[in-house]
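Only one structure is covered here, and it is reproduced in the block below.
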Amino acid sequence: MAKALFQVRNLKKYFKTSRGVVHAVDDISFDIEEGKTLGIVGESGCGKSTTGRCLIRLIEPTSGQVFYRDQDICQLSRAEMKKLRKEMQIIFQDPYASLNPRKSVLQIIAEPLLYNKIMPGADKFAIEKRVLELMDKVGLAERLINTYPHELDGGRRQRIGIARALAMEPKFIVCDEPVSALDVSIQAQILNLLKELQRELSLTYVFITHDLSVVNHFSDDIIVMYLGQIVEKAPADELFENPLHPYTQALLSAILVPAVGANRDRIKLRGELTSPIDPPPVCRFAKRCNYYNQDCAAGVPPLLEITPGHFVACHRIKPGSNTLVEAN
Amino acid sequence: MGSEINDRTVQDNKELVLEVEDLIVHYVLQEETVEAVNGVSFSLERGKTIGLVGETGAGKTTTALAIMNLVPDPPGVIKNGTITVCGHKMLDLSANQLEKIRGKDVSMIFQDPMTSLNPVLTVGDQIAESVMLHENLSYSKAFKRAQEMLEMVGIPGTRATEYPHQFSGGMKQRVGIAIALACNPKLLLADEPTTALDVTIQAQVLDMIDDLKRELGTALVMITHDLGIVAKTCDLVAVMYAGRIVEYGTLEDVFDRTMHPYTEGLFNSLPDISNRKSQLQPIPGLMPDPTNLPRGCAFAPRCRYATAACREEQPSRREVSETHTVYCSAYDDPNFQIERTRGRGGNG
Amino acid sequence: MLRYVIRRLLWLIPVLLCVSLLIYVLMDLAPGTVIDSMITEQMTPEDIEKLRQEYDLDKPVIYRYVKYMWGFFHGDLGKSQVTGLSVWDSFISRFPATLKLSLVSVVFGAVLAIPIGIFAAQRAGTIWDNLTTGFTLIGTSMPSFWLGLLLLILFAYKIQLFPAGGYQGPSSYVLPAITSGLMMTAITARQTRSSMLEVLRADYLRTARAKGVPERLVIRRHALKNAWIPILTTIGMGLSRFLAGSAVIETVFSWPGIGRLTVEAVSQRDVTLACGCVIMTSILYVIILLIVDLLYAFVDPRIRGKYASGSRKRKVTA
Amino acid sequence: MSTATDMLVSRKYAKRSGLAEIWYRLKTNKGAIAGFTIIVIILLITLYSILFIDFEEVTAMNAANRLQPPSLEHPFGTDDMGRDLFLRTLYGSRYSLLIGVGGVSISLIIGLILGSVAGYFGGLVDDLIMRFSDILASVPVFLMGMVIVTVLGQSLQNLIIAVGVTAIPEFTRITRSSVLVVRNQEFVEAANAIGMSNLAIIFTQVVPNGLSPIIVTVTSRIGAAIIEAAALSFLGFGIPVPHPEWGLLVSEGRNYIRTAPNLTYFPGLFIMITVFAFNILGDGLRDALDPKLKK
């Protein structure tokens, strides 16, 4: 197997608030293979966006290492980091908030070119030419070059965001819920575009979403997060065919399939997400778990490889077995 | 636009809770007019659920607000149409009469539970308010009812004295449902009730709406963009595009015997959970500008079957079966068939 | 809640220390000293030097400040350098006049202004809204001393309905109260209108209407309750402004309040009296702002919740 | 794709910038137009007075002409020293405008720097700046102005400083809160991701987007500063005589309020109209810049 592009080790991000310490990301480790897509799923507040931002150091992690091509980016100086920034970019969820409303499409896409001197000595003709190339690549018509974000619809704005990220000629892109604010028909357009770009430019993606059918469609490997921790990690096919963690099972069964009679049996979960503030050192999911018993109070369950490539963090699933131990 | 749909259901002698006939709603702004709803007709029997499906700007929410006669005016203008809720002609009533019907015969659940509850009133008071208004109960009795309603939606009655900010998103939406159901309405409008919620919470809330609806015999208009929710909750489906219904029928009609190219496009845009290698086939292009709708079929510019005629004239109405209607001129050619590629039926 | 009040009261201490230091040092820096007016031509340089020592003018300003504050915390604000009267007594004796005028104007303002603001907001864009907005705009654009003088010309000289000034009997209240009341009304009505407009757009009003709540209750129970905070702020600010800046109106109407006292003290370079007045007024000012803050909590349960847990919620990125 | 490099492709397409849209919306706002027109007229008056009215002309006494009622020759009448009030009032417009604009510039510049530093960096810097601003705000504005003028001495320049200093806390607070709103937007994060420096982010992303509430405050604050300065002058803390500042003119007129109320009417009316113009323009700007009203 090729060496992973990213190796994340014991990553933690805590936010201090006056009500306590929010454990937004709490000791997670994983690898990202070059040229693949890693999906991160979970519900709001599970730390998936924070993880994505820590990967490219938009947020300083509290502790842990993020190795990019064997270099711990958390140790880099500002100047060194600035060089690496070109290789790693991010696409945001909200195509309304992520574009500066006072800048035109030309200015937004040209900004990364100018600030990083990607085209040294280029005049404005060359810059504009490059911007037009990028616009063409993401499917924006040439005539939109002088428009402002508020004049455009969500799908086009998201294309601007993608073009801005591509301007840096990155190797790696964090896609933070890139389609959840979009309509179904536009969502499919953007997903297809992202896939095409990945093939064409051999990009590596981290794809963050709460939408399971989208992550299934888009990812090679999937991480399921719950309250700042990874509860399950597996190749996409494996995860969808054989989900092991009770939370993953519930999540998958909550998917509503657009077909008659397809949504009858569901695993019901009690309650709602608990607070990520100063969580007790037990399984975070225990309170809502349908398989809860006294074993579950024995500390935070470690993420263990149950079958090759399939990792689960649950006290009641032992390596080698393929189901919950004595599920009740 | 026809009202034939209604005639048929009347003949069946079922109890009609809602009839919307040829509704047209525009928003008249300074420089332009947004043509939000352009001739929508449908009806609903007691205890049934209809799904209004469509993307942003299809006119779903405006239709629901028109049913309540709550379209903000200005800029909203109801240009045409009749709306009958439990025998009341909503658009002809005085403000006074409307206040007696809203919350009693028909009520509504709103999309965003974060902003649709009043932050400075306790949730108990907000539920009790409509009980007091419509059933002339004393405050203490109404408050007791409010507590019962909270229990019914799965929140301890003791929390009735708390304020909305003390509840999580899912709980707030339950409160919204309790408010809507407090006076046992015959018709409930739910405007994207779970869009703002997490997946597992969404499932809880949908189940609850389903249970309560069955228990109370309420008819439900479910407004959503999510075909999964439609599949789970609805008996009838009306697919909307640019302010018009383009396909109308039972759940099975629309999902398994899809006729309209737009409906087909919606299905083809969705990732297939059972086959992750499948290709998405998005509908090309964008929703038309509602201030400047095309002369012919609004979907024609994005439709792969569109002919010159489609761009010139409004689509013809076609009754495929007793329950299934489609508005598409392509079917004027008897050999026409859409090529929906994705699996149908319960193979998901 | 109690913890919050205590914390806010404790915060008063550094504020007052800094404010008094600022004022004292500034006044001390002003050209001329207290003893200037006491020096006569007959005095020898030794006499003057003795006088300087008596008033600690030979010592650094910080020494005088510490000495002043020492007295301050012992309830002694010193004596007026011009009249020789106790600063504390002068201030207290003048305070009721200002307080009465402020309260009258606040009540006046609130009673008139809130209905006007609601009226305008509900009819936003109509001729009624434009008229009231025009009226309130003119009100906020008028200097209060000018309005006061206009009222004097009309009611005291032309038709001689009310006395031109002074502080005797209810009729002497009328003109000063109308002056400050009208300013207050204009400001508060504007604020009420804009915060009502904000609230009228809110989703929860649609929820209330969908429940069948009659329109007047929608406004009274659902909208107004949410619009209260900015309105309260304006009224609180208005009250403190009148307490502090009443100098102008008090001068126009020869009203014996603290505002005029301060103006006189400052113009006569009466450093002790001026300092005492400014510092005392600042205390009042800060206390009123504190009361307004506490009223927020009374009006808005979200703020109450924040105080109860003693903390501010911060945005947490998911 | 175009290969011709003799013309920028972006020139081919019409450009309607954000500014153009704001101007458009301002144009449709009757109040804003009225305010703008009045301000232009006052500016023209000021220009006229600078070019054609001498200081001697408005300060020279003429006992024979004392306290004349308004007439064709003296449209506003004459004061107790026989000076033409009309000329004096026109001459006085420069002071009010200078005080308004100058005072607000002082508070704007200092408030903008303090507020954006506090808002962008947060933490200890934020705490220090905001506590300083709280303390400054704890002295009632009017008293602060009075003390400053007393300390620095009476002059136009010091009046401007007094009016400017008192508004610093307000501008600091407004700048900080609008910076905070913008700072948490995703486009600032996006700028971070393309490697922009903090300084560049503040000036190209944060400030331009947080400007609307500040512009509105500037406009209406000019009006408030004019009133404040006039009130200080009225009480004898303003520009020294014989400069015909409007507040001072009202104060002088007060002595003849029974016999010659015209001395009070006119200067006060000019203050009101000027302040009204700035206030109504501020209202119009607020509507034009409010994103919520965008459709």
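A, B, C and D are the chain letters, set down in written order, and residue numbers restart from 1 in every chain.
As a convention for this text, a contact is a pair of C-beta atoms (placed from the backbone, for glycine too) under 8 Å apart; a residue touches a chain by one contact, two chains touch by 3 or more.
In this text the structure is predicted, and so the values were computed from the model without any measurement.
Participant: Indicate the lowest number of steps between subunit A and subunit B, counting one step per move to a touching chain.
Facilitator: Minimal hop count between subunit A and subunit B: 1.
Participant: Among the chains here, which has the CA centroid at the largest distance from subunit A's centroid?
Facilitator: Greatest centre separation from subunit A goes to chain C.
Participant: A-D versus C-D: which has more C-beta pairs touching?
Facilitator: Spelling it out, more C-beta pairs touch across C-D than across the other pair.
Participant: Find the geometric centre of each of subunit C and subunit D from their Cα atoms only, then give the gap between the two centres in Å, rounded to an integer.
Facilitator: Subunit C and subunit D have C-alpha centres separated by 22 Å.
Participant: Measuring centre to centre with CA averages, how many angstrom lie between subunit A and subunit D?
Facilitator: It comes to 49 Å between the two C-alpha centres.
Participant: Which whole number of Å gives the spacing of the CA centres of subunit B and subunit D?
Facilitator: One centre to the other, that is 52 Å.
Participant: Would you mind listing the residues of subunit B that make contact with two or more other chains?
Facilitator: If we look for residues of subunit B contacting two or more partner chains, we find none.
Participant: Under the touch definition given earlier, write down the residues of subunit D that touch subunit C in their complex.
Facilitator: Listed in rising order, the residues of subunit D that touch subunit C are 134-135, 138-143, 146-148, 150-151, 153, 184, 223, 227, 230-231, 234-237, 247, 250, 253-254, 257-258, 261, 264-265, 268, 271-273, 275-276, 279-280, 283, 292.
Participant: Can you tell me which positions in subunit A touch subunit B when the two form their complex?
Facilitator: Touch residues, subunit A against subunit B: 43-44, 153-156, 183-189, 191-192, 210, 212-214, 216-218, 236-237, 240, 250-251, 254-263, 266, 268-269, 272-273.
Participant: Show which residues of subunit C lie in contact with subunit D when the two form their complex.
Facilitator: 14-15, 18-19, 22-23, 26-27, 29-31, 133, 137-138, 140-146, 149-150, 152-153, 157, 201, 240-241, 243-245, 247-248, 251-252, 262-263, 266-267, 269, 274, 278, 281-282, 285-286, 315
Participant: State the interface residues of subunit B toward subunit C in the complex, per the touch definition above.
Facilitator: 68, 70, 95-96, 98-104, 107-108, 110, 112, 115-122, 129-130, 133-134, 163, 165-166, 176, 179-180
Participant: Can you check the complex and tell me which residues of subunit D touch subunit A?
Facilitator: 1-2, 5, 8-10, 13-18, 185-187, 189-196, 200, 205, 208-209, 294
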